[in-house]
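Heads up: the structure comes next, in structure tokens.
Chain IDs A, B, C and D follow the sequence of writing; residue 1 opens each chain.
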Amino acid sequence: MTMITTEMLDSYPADLGGIDRQKLAECIQECYSCAQACTACADACLSEGDVAGLVKCIRSNLDCADICFATGQVLSRHTGYDANLTRAMLEACATACKACGDICAEHAGHMAHCEHCARECRKCEAACRELIGALG
Amino acid sequence: MTMITTEMLDSYPADLGGIDRQKLAECIQECYSCAQACTACADACLSEGDVAGLVKCIRSNLDCADICFATGQVLSRHTGYDANLTRAMLEACATACKACGDICAEHAGHMAHCEHCARECRKCEAACRELIGALG
Amino acid sequence: MTMITTEMLDSYPADLGGIDRQKLAECIQECYSCAQACTACADACLSEGDVAGLVKCIRSNLDCADICFATGQVLSRHTGYDANLTRAMLEACATACKACGDICAEHAGHMAHCEHCARECRKCEAACRELIGALG
Amino acid sequence: MTMITTEMLDSYPADLGGIDRQKLAECIQECYSCAQACTACADACLSEGDVAGLVKCIRSNLDCADICFATGQVLSRHTGYDANLTRAMLEACATACKACGDICAEHAGHMAHCEHCARECRKCEAACRELIGALG
């Protein structure tokens, strides 16, 4: 199953401006995918025997999920585009993904959900930074 | 790009119960994908010349996006599973997708974003109903 | 500080239909307030010494927050009103608030955040049921 | 009706750090209140006769609602506090509130919902900036 982000971008009826469509589509998809992965990772952590040792990871997952979703929403809109706001959200999202990726990576060796989630956070962070760079 | 929903489900450290994993994974992915498509469709409608004729479609898109996201979040959690709540959200989500799919389908002939979004809403509605059925 | 829900309702430029404005305003406010309280309660539980005994409470808080927010969003929209969808979300929200209120109430005796959150969940559940009744 | 943010802050079982509790509570409440107001304003704009002239306002409302909610969520959590992330979200939120407040203010003279929403956006922006200042 893949998201239909590209079809939605291609059917936008007005000008998308000079934005890099491929980088935009990837970043949108990573935002929703990372929101899902972080929500699932927080929940998986809650079912680990050592949940007490994972509370910072859970909190980081929850923040990252909320921020990734909000960023995906903002990036999915093109009408009345505001470069300042887009950049500010991408910066916040990259910051959240970096923090969550780092903390999940610490547990990646013995918890597969943290390993998967760390990888997803890295991908989403990279997609955000790529898009920031492409905004010029 | 695909979501890592299946990897996250497979690495959940406790028992998922008797739930159909394939149907669950599909429903989760459709929820996030439909949230993205509906957000993009609302925005595309805002850039159409005849936006005044699309206000009900936009409103339906906005509701569907909020509900699909909340449903995807609930379905991504397995700790302390509550069948009543899962069912209630799946019912609300199927209702939202049906309504939004119907209204987008009315415009599908002349607006590609509504055509894509209607198809995505149908898929998400079907995935919700499949999962309701599988809950027994 | 109070929310400006009533001012927003009073300045809606079209007909709100026969809905009970007072019950609607209260339910909207309880939805956002309960989303905040549940998010804070989940986080407070994460900082308790006995977090392992609170994982079901945390999960219930997270679901309730997501559903209350989505419900508040749907109730804040009046254009193209859909009674079926409103009812389905109110039912899901009342179900989430009942479940979360029950589990928080079990801990209310020794954790003030669960006591406050249980009370807020009860209020939000009651506001949802009042509004369902008023929808006829 | 008032939110129970203060009660939730006061019952947090661990140390909140040196943060200004009053400014934090106000900012949290403004975030949820602004999310509600912006969602309602977007919908009110959809029911105006001149919706075609309001599409940028609607888009700005939708972004501001998503970002205010995510910011309120992040601020409601204190476990594993991350000053960098808090600051990045507060900056994004202040940026969104400034943009939305400016565009709503342009219509404040003839649409009461935009007047109310502009005032709410100004209050939320101010609360975010106050809190950024208090973070040191």
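By our rule, a residue touches a chain if its C-beta (ideal position, glycine included) is under 8 Å from a C-beta of that chain, and two chains touch if they have at least 3 such contacts.
Chain identities (UniProt): A, B, C, D = Four-helix bundle copper-binding protein.
What you see is a predicted model; the values in this text were computed from it and never measured.
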More contacts between chains, A-C or A-D: A-D
Between chain D and chain A, distance of the C-alpha-averaged centres to the nearest whole Å: 21
Centre distance in Å when chain A and chain C are each reduced to the mean of their C-alpha atoms: 27
Shared interface positions of chain C, touching two or more other chains: 43, 46-47, 55, 59, 62, 69, 73, 77, 79
Overall pattern in which the protein chains touch one another (line/ring/star/complete/other): complete
Complex contacts: residues of chain B adjacent to chain D: 42-43, 46-47, 51-52, 55, 58-59, 62
Partner chain D, residues of chain A touching it in the complex: 55-56, 59-60, 62-63, 66-67, 69-70, 73-74, 77, 79-80, 82, 84-85, 88-89, 91-92, 95-96, 99
Contact set on chain B toward chain A in their complex: 1-5, 7-14, 26, 28-30, 32-33, 35-37, 39-41, 43-44, 46-48, 65, 69, 72-73, 76-79, 111-113, 115-117, 119-120
